[in-house]
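In structure tokens below, several structures.
Each of the two complexes below includes chain A, the first together with chain B, the second together with chain C.
Entry: the complex of A and B
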């Protein structure tokens, strides 16, 4: 059924939601933005200054945090997709036991990030189950360091475990919309499995792939709880550094700068996605 | 093919079940030391800890349940109108309104949460129960909105038109037609909002400031401490609460809705 034009009453129905978000989220972002330029400061004198931005960009710790969070965002989103895509292809074809398996992979969806971090930490820690198991099998000679490591493998692994169902659901929906006729036609024309994968499944599922990657990037880039449990001591993630700057050092204005950097990075990624999605659609 | 299938099932079980199994075993062992592959002894120290600290645990759980349920109700009330308009009406700036309402999940929470905590300090709502409900409602608002929009898109308009023709007031239309028919969407949205609110640590800590207790706040020190038994026991309890609640919802609301669907109310 076609949607009708909105009346005055319909506009009024929007007020509670729009008002709430504007009042609490909009004002918060405005305040963060203003604080990054020294206005509405809660710890010092309020006057316009670029000093906070200069301080943040001169501090090596801040730059390392931004770089590290970008790396975690990209690696977590790519890593999750690498696991989710083959699984989504597998689930595309119905079969015995797939309902049970589908429920199984959704378990992490209902587990809070904090608890997920604890669960995985127990497995990956220096004296954890994975190291114990590998030692028993004589695959390794001494325990490997997989948590709080400088590269952030522990963080990436937890992000993948926690967010795999979320990405899987989006990618599965995209793959489900690919018609069997298209795949059968390619097969009849002599396309091999890799050809079908790269020329049919991936291009046709691209909108879902991009949406899932962008949402995953945003989650991992701004993550706080997983990093605080499994991240390296240095560098910290940008969200953790922002929190430390505000609550520990009482540098709320510099924390606001980091907040604005996170927001702009997020917007840039969304913009890049929409541009890329537009290009993909035009090519189709 | 069969071997590949078994290997995949085993791998998935290992990846998704092993962490939970490890916590279950850890909760009932006095200590699980390296290089033991399995705990050597059985212990109920975790259960005894829960018994001796039952007051603190119940207080923290009760507080988490209260603000989580309050967030579900607040999010529902704030989403009902906008969801119906976004699902059923055309207007200029529709995309902008939708983007604005979905912004809490598009922008990492920490960026607006610090600003929001300053706003709440200024209006005197920091360290209060309403302040925590506000921040959790904001964080989970898009999930309820998306669920209700989907619900409204599935809802035939004829039913409401029938209610109007029979002289029902807008309030009666909403209470007796719209809400019962939207129940699956409300339950789906409410479940996600509850999960987001109940499992949040950072936002409650930031805005509640310790004055509003939370189970995550109670749990966090034990997760970082060396006592694996207690950490595992509390984690199990933490997982048990939402599962029990969803079971109860399925048994009550789910059954009621199915019966309502069969009899027509």
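Entry: the complex of A and C
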């Protein structure tokens, strides 16, 4: 690439792509923001008010929803990483059969979230495969509750199953970029497996690990379909609560407040990431 | 020292170590393959089983497999539900969305990939917004925007929404492809007197073709499985396969019907996965989305 090129034609060419996205995403963010303060209201009068914010933060249901979604976000991203990282390390080396394993692993990536939720429901429900097996083997006396459970294990499991390949691909790419020389040098200097893992692989793969965890957190935090299939009856996830608020109770303004909370959390996490990533690797 | 070890064991130590290491990796691969077959295979196998349950002979505890099989659930779904219409909607919206996102992305990706415009990093981030932004928030409030300009519950609105969700993949992947064209090739062509049109036809189009294929597949798959926006903007006028599946999994949970729809939705995607695997050497997803 050559010198900075700020000619008008370049910006014009950006309009169809960037402009299209900005137009629709920007206008919906703007509307969410305005409605949360009572402006452009669909129901009732349009005037500036903080009432919606007060109402949302006074309701225990909303606070429980936010807490629950945060938990789902953290648990899902950490859980997926725990599964993905060993696999990614294996893919760096690996022997025969790696290609086949690669295609097998990637299948859930192309299975829509709703279908994934359904597939896992078949395993975990009362009359699912897991319960049937455990009952027949007399390990448990009565079926375990693994879906719609209060903790949200069902949701976490589906998130991990569906997103494992996504996280794996990103982590794998950053582990693959670690040079063999670095590892060999460490080994030469007497580093054991554990210190190679903690002082070479994990720090050098950190950019990929962070990106994948951030994206995973955002997905799980704002998730609607997986929660509505496998989540507990109470509390609901923020996105589900927002949808119920808007469509069932017609409280669009309060739904907008919840929307802003989701958007804010998302942007905050990305901002924190960009600060942290700057500390991890200094390159531009 | 090494001479002593050699005489003791017959083969040198490092050879035995290498052999043991190789065997270890074969075992490890076998282990991971086995785990993956269970991890991915069993859930899909269960769905296939459920879609073939004979209504006359229900599948209940303690049977591990159904007592008898029939195609009744498939016949039922195709005869009594809106699946055919949903299929038609899904598979007309998706190509249109892919086409539109390609047309809109092409100039943008060219500039982002080849020109050093000020604010390039910022634009790259903006492009990711549709996948970064939580789906339900965008869906609910974009539906208000659409309602305001009369696009709610329309086919064109649905295409626009699906285009929006596919754009990040298209722009990012095409940007990576444009950026990877060596400047030498373009300079050489210019030296030899190639005009804009010749450059586009002989250099840009052939060299972005793999990326274009990848971007199209990602955008297509995104459109086929898009749920949030379709659910809010299209339902009840337009149903796609995901919204039909959702209705089968909500208040009226019918497992056999849901399995049929799940399989219908899943099969083409897995075929496309193998197309991507076969025709694309490098990992476009990681290359284009691995960095924010």
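The working rule: the second predicted complex is superposed on the first by the 272 of 284 C-alpha atoms of A that agree within 3 Å, B and C clash if a C-alpha of one lies under 4 Å from a C-alpha of the other, contacts with A are read in each partner's own complex, and residues count from 1 in each chain.
Just so it is clear, a residue touches a chain if its C-beta (ideal position, glycine included) is under 8 Å from a C-beta of that chain, and two chains touch if they have at least 3 such contacts.
Since the model is a prediction, treat every value here as computed from it, not as a measurement.
> Overlay done on chain A, so just call it for chain B and chain C: clash or fit.
clash
> Contacts for A:169 in the overlay, against chain B (first) and chain C (second): which applies, first, second, both or neither?
So A:169 only meets chain C here.
> Touching A:208, do we find chain B (first), chain C (second), both, or neither?
Touch status of A:208: second partner only.
> One more residue to check, A:98. First (chain B), second (chain C), both or neither?
second
> Contact-wise, after the overlay, does A:224 reach chain B, chain C, both or neither (first, second, both, neither)?
Both partners, chain B and chain C.
> After lining up the shared chain so the two structures overlap, which partner does A:250 touch, if you call chain B first and chain C second: first, second, both or neither?
In the superposition, A:250 contacts neither chain B nor chain C.
> What is the contact status of A:195 with respect to chain B (first) and chain C (second): first, second, both, or neither?
A:195: touches no partner chain.
> Shared contact residues on chain A, chain B side and chain C side combined as an intersection?
Shared contact residues on chain A (touching chain B in one complex, chain C in the other): 1, 3-6, 10-11, 13-18, 20-22, 24-25, 27-29, 31-32, 35, 42, 90, 97, 101, 104-105, 107-108, 110-115, 117-120, 122-123, 127, 129, 132-133, 135-136, 161, 215, 218, 221-222, 224-225, 229, 239, 242-243, 246, 252, 255-256, 259, 262-263, 266, 270.
> Contact residues on chain C for chain A in the complex?
22, 25-26, 28-30, 32-33, 36-37, 39-40, 42-44, 46-47, 50, 60-62, 64, 103-105, 107-112, 114-118, 123, 126-127, 129-130, 132-138, 140-142, 144-145, 160, 163-164, 167-168, 171, 183, 221, 224-225, 227-228, 242, 245-246, 249-250, 255, 258-259, 262, 265-266, 269-270, 272-274, 277, 283, 285-287, 289-292
> Which of the residues in chain B come into contact with chain A in the complex?
Residue positions touching the partner: 5, 8-9, 12-13, 15-20, 22-23, 26, 33-37, 77-79, 81-82, 84-85, 88-91, 97, 100-101, 103-116, 118-119, 121, 134-135, 137-138, 141, 145, 157, 195, 198-202, 216, 219-220, 223-224, 228, 231, 235, 238-239, 242-243.
> Which part of chain A faces chain C closely enough to touch in the complex?
The touching residues are 1-6, 10-11, 13-18, 20-22, 24-25, 27-29, 31-32, 35, 42, 87, 90, 93-98, 100-115, 117-123, 127, 129, 132-133, 135-136, 161, 166, 169-170, 172-174, 207-208, 211, 214-215, 218, 221-222, 224-225, 228-229, 239-240, 242-243, 246, 252, 255-256, 259, 262-263, 266, 270, 273-274.
> In their shared complex, at which residues does chain A touch chain B?
1, 3-7, 10-18, 20-22, 24-32, 35, 40, 42, 90, 97, 101, 104-105, 107-108, 110-120, 122-123, 127, 129, 131-133, 135-136, 143, 161, 215, 218-219, 221-225, 229, 239, 242-243, 246, 252, 255-256, 259-260, 262-263, 266, 270
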